[in-house]
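Before we start, here is the structure in question, set down as structure tokens.
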Amino acid sequence: MDPSSPTPADQLYTAVLSDILDELGHREQAMRPFVRPCDESLAMFGRVRTGLYMETFSLRDGENPYELEIRLVDDLKPGEVSVLGCGGPTERIAPWGELLSTAASARGAAGCVTDGLVRDVRQIRAMKFPVFHGGIGPLDTKGRARMVEMDTPIECGGVRVRTGDMIFGDVDGVVVIPAEVADEVVTRARRKIMGENRTRDELRAGARLGDVFAKHGIL
Amino acid sequence: MDPSSPTPADQLYTAVLSDILDELGHREQAMRPFVRPCDESLAMFGRVRTGLYMETFSLRDGENPYELEIRLVDDLKPGEVSVLGCGGPTERIAPWGELLSTAASARGAAGCVTDGLVRDVRQIRAMKFPVFHGGIGPLDTKGRARMVEMDTPIECGGVRVRTGDMIFGDVDGVVVIPAEVADEVVTRARRKIMGENRTRDELRAGARLGDVFAKHGIL
Amino acid sequence: MDPSSPTPADQLYTAVLSDILDELGHREQAMRPFVRPCDESLAMFGRVRTGLYMETFSLRDGENPYELEIRLVDDLKPGEVSVLGCGGPTERIAPWGELLSTAASARGAAGCVTDGLVRDVRQIRAMKFPVFHGGIGPLDTKGRARMVEMDTPIECGGVRVRTGDMIFGDVDGVVVIPAEVADEVVTRARRKIMGENRTRDELRAGARLGDVFAKHGIL
Amino acid sequence: MDPSSPTPADQLYTAVLSDILDELGHREQAMRPFVRPCDESLAMFGRVRTGLYMETFSLRDGENPYELEIRLVDDLKPGEVSVLGCGGPTERIAPWGELLSTAASARGAAGCVTDGLVRDVRQIRAMKFPVFHGGIGPLDTKGRARMVEMDTPIECGGVRVRTGDMIFGDVDGVVVIPAEVADEVVTRARRKIMGENRTRDELRAGARLGDVFAKHGIL
Amino acid sequence: MDPSSPTPADQLYTAVLSDILDELGHREQAMRPFVRPCDESLAMFGRVRTGLYMETFSLRDGENPYELEIRLVDDLKPGEVSVLGCGGPTERIAPWGELLSTAASARGAAGCVTDGLVRDVRQIRAMKFPVFHGGIGPLDTKGRARMVEMDTPIECGGVRVRTGDMIFGDVDGVVVIPAEVADEVVTRARRKIMGENRTRDELRAGARLGDVFAKHGIL
Amino acid sequence: MDPSSPTPADQLYTAVLSDILDELGHREQAMRPFVRPCDESLAMFGRVRTGLYMETFSLRDGENPYELEIRLVDDLKPGEVSVLGCGGPTERIAPWGELLSTAASARGAAGCVTDGLVRDVRQIRAMKFPVFHGGIGPLDTKGRARMVEMDTPIECGGVRVRTGDMIFGDVDGVVVIPAEVADEVVTRARRKIMGENRTRDELRAGARLGDVFAKHGIL
């Protein structure tokens, strides 16, 4: 899957991707509902780059607490999404804000997903950069948390995520698509969307749900 | 109470209905705050039809997991509201989405309330169909939950609800009005709203709260 | 600090105030993330007036359950913010609504912050009065809660607050600024905002985060 | 019901009392499971005296923070049980310990129930004084909480309780018996216990559960 | 695996079984820590029989609310363990007590595991019948819950369980051993226990942990 | 304070230490109530050595996941207590068990405190080694967590703890005594215990609580 190709984010949505992943036996791919979009009007689709955070209670001598997250952001490629696991829900770890959004956006990144907190919500919305978060709060991470692993398998929002997986987010939430099945999932999702269009049209015209489901098998 | 008559949803609101229910000794009628509107600008008022869901971990042979919810939606009458109890808050049971909204709307239903999750939020908002939910997520119920009772007494959002009760929702939440007192509650609510208008006008004009409360007894 | 002077609310924001408070060693000043603005587009800055609520289960003979909260609201001075501690998150204590907002606004108050519930959200938004709350619900406090202390030290949203402290809120949350450091915090915050502007401009121009952080030391 | 008569605590138990209360339509009388006995081998039965606590964050000038709880304990009559509502579960309000147990025991009180914390667990166990609590912790209430109402209706462990109700506790939990039905509940409970004895004997002898339930209607 | 053979419960323990399951890549087999033994001195080992419960809010006409659970208990074979999924933690569903323990014990069952509540704890302990539960409370299920599936795959205490799996419990918790790997797990566990004995002896003699771990690779 | 001197653990208790810390203005020193003793009959008193854990989701190449915890245990001095911060309550991080207890005990350590899980509870109890934990479960840390800091300031059970602080635990919970005030706290606690003895004797003799409190000022 080439994440830098024109993203199909506008033509897909999480619900249909989740249904297809269910069909393929991947039933634990939707992040928990506390992970919400910063801007409900934006959809996001891209290739995962993981970061893992831990809570800390002191700064070590000479430590740059942002060292690893700076390295991750500066290494983002076009179409990539930083996925930052904070063991959320959390009230203390807030790994993302305006300046990181600005830097990531300048590298062509497709978005950011975290189960930690974000800040600078107004500015992030103004940038139209897609961010999905586990809550909003003004705290900085300095002295409260530290990114300790980059590109390792993590959990974020209750879902296992690896660098190289594809990730999709919209107003309904965030779905992780394992790299191995990404192409198949997108292909099947497009097909299912067409079926849903027919179902919707018949329902609008007043058809009974029972008849329509018997005919198309879609709900 | 005739639910198919021109709905007074625009002229009432949950806070005043809740106050009147308090006065009449029905003090447990407001759903818990995690039940929120899909669209904060819509009010909803209608007659309850209940559905009760259970969590499942497998499909039974030949089972149509949507059987009972299809029957409920196809049986909705104009002015009715499907109220779906999922034991929420839940992260797994998501009984409602775009296609059910389309079908219910086509039958003239007045809305849907659930303490489970909903999906297809963007499409539901576009339809202007009032949905109140216990969270947002992309999951389908298939293999995760099943509707097992229809038109039995249930709990939804922490409130006991029966088919035939009236239900009102707006940006402040959802209030269940027991069938026996529905007419009285609406009559009294209209009267109280007029009193509040006077109170508000005097407060805007700079009157002291203590004086206004002493005079009108409304807060 | 003169709370009735032209408020600098538009030129400050919680994230930078929180960073400055961190620098000064006040690291527990941001309210917990469940405290959210009623209207995300409004910022609020003012001098704290505290009220402490308790849950109740009956009315005492002849009790006016609103007595103390009426006294607090009628005593608000221009630029003051009522900060109402309800031990939130709570599903039962709802100390604020439209009429109190109207009265407070008429006295020139700068806003209200509570870790309890609010109601009349639509009307409060229409007034453009800044309210930050711990949830939304239609319940009245009568017979459920009572304000029992006024102008004593309390906790609200997990932060210790005293009458005379300064409080700032915006879309990112609410920050309490202890009276002793209020002037210094605002002065430093203005200075930091200028530094952030430079950092942002360089990042937008494509500079690497590592280089920019090495140069400005701001993230 | 005469609480000072020889208590039948040894011959009753919460499960059968809860069943009888269910039969009589009082279905919300069992405290939530976080309320546990300090000593699992002790049963308790007595007449309720209520106290209501609130969380505080400062001491008022000249305040004796224990004033009202001292008054309640000194007023306990033989066979009475202090029931202290703290809005539990809580991690901060700890209204009971060794010295209050000593004083209450010296007055002939039958026990104490609280949804707050207790301390001095070792000493309380040594006294064989029945205490049911919402958790264990070493904190004193001074500056953290205050008893503010005595003998008013309260909630404790999720159950509404009034002075004059009867209360029973054992290893299975705590059940509140409304004053109006106390005699009937105890009479019926004794009768049900005899039926259960027969059922148990037949099951031990290897009878099938289906047959035994068909015969005795007890489970 | 023959569950009716002399049970090795005394010679195994959950920690070593959990380690072996980890080694074999089954890393989600330990129930959540809220599932605790009724009697910490008893170990339990047996073959799973599943039951799935749902919460209810009314009795249906002529319904025997215990029907399916009676059928399950009467069908238990020697060495089997009833595993009852209630979606716990729950405060309302209490599927097990003394009479069911008596009946199950009379059939030779090896124990009961539920993430719901149990009651009659004193009597169950007196019987020495191993029960693991999600909490203690006096409530009966009648009108609150109903067993709706028997021998289907379920989740209990956060672990997926199927009829035919093996299950082990002791003071450290409960571990589910998938049927396919049961023999291998027990064989490997016995071997590991011997290695731990050597490690323990050396540590007791004062050896450094680093040296002992380097030598035996066990911790 | 010399932690290797004959420990005064038997003559002190957490409640009185907590009261003295309150008097000295250290009011956040009691761990949250979910931290419980493995054996309620043991008291523990010693000097703190901290360890900080993070959750992990993979093993790094060649990683010994126990490296740092082995180093900490092998470095324990007589009278020291390992205090392991896991961000508890947690269901996944279980840093302590029998073998570490054996090794720590062999070095003369006074105990272990963690807000994570422990396993091997039966064996730890048999050793009479004092362990205080945030829950019980059979999981090993390997691939789930890693100790990442040693002897840095941490939080454990909600309390800030530093290497060198003193820590006391018994059936009522765990109290952290900052190094600076350790001597004073112990001296004052001994004095207060004598006052409580007098109070208790008078209460047992039937004195009114109000009179006794007026006389001794102790509750």
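Points worth noting:
Letters are used for the chains, namely A, B, C, D, E and F, taken in the order the chains are written, and counting of residues starts over at 1 for each.
Methods note: a contact is a pair of C-beta atoms (placed from the backbone, for glycine too) under 8 Å apart; a residue touches a chain by one contact, two chains touch by 3 or more.
Everything numeric in this text was worked out from a predicted model, so none of it was measured.
For the pair subunit B and subunit E, there is no chain touching both partners.
Different-residue interface: subunit B and subunit C share under half of the residue numbers found at their contact. The distance from the centre of subunit A to the centre of subunit E, each centre being the mean of the chain's C-alpha atoms, comes to 37 Å.
Measuring from the averaged C-alpha position of subunit C to that of subunit D gives a distance of 40 Å. Separating the CA-averaged centres of subunit C and subunit E is a span of 49 Å. For subunit F, no residue reaches two or more other chains under the stated contact definition. Listed by label, the pairs of touching chains are A-B, A-C, A-F, B-C, B-E, C-D, D-E, D-F, E-F. Only residues 13-15, 17-19, 22, 27, 30, 32-33, 36, 40, 158, 170-173, 175, 196, 199-200, 203-206, 208-210, 212-213, 218-219 of subunit E touch subunit F when the two sit together in their complex.
In the complex of the two chains, the subunit D residues touching subunit C come out as 52, 54-58, 60, 85, 87, 148-149, 152-155, 160. Looking at the complex, you find that subunit F touches subunit E at residues 66, 70-71, 73-74, 91, 97-100, 102-103, 106, 117, 119-122, 135-140, 142-143.
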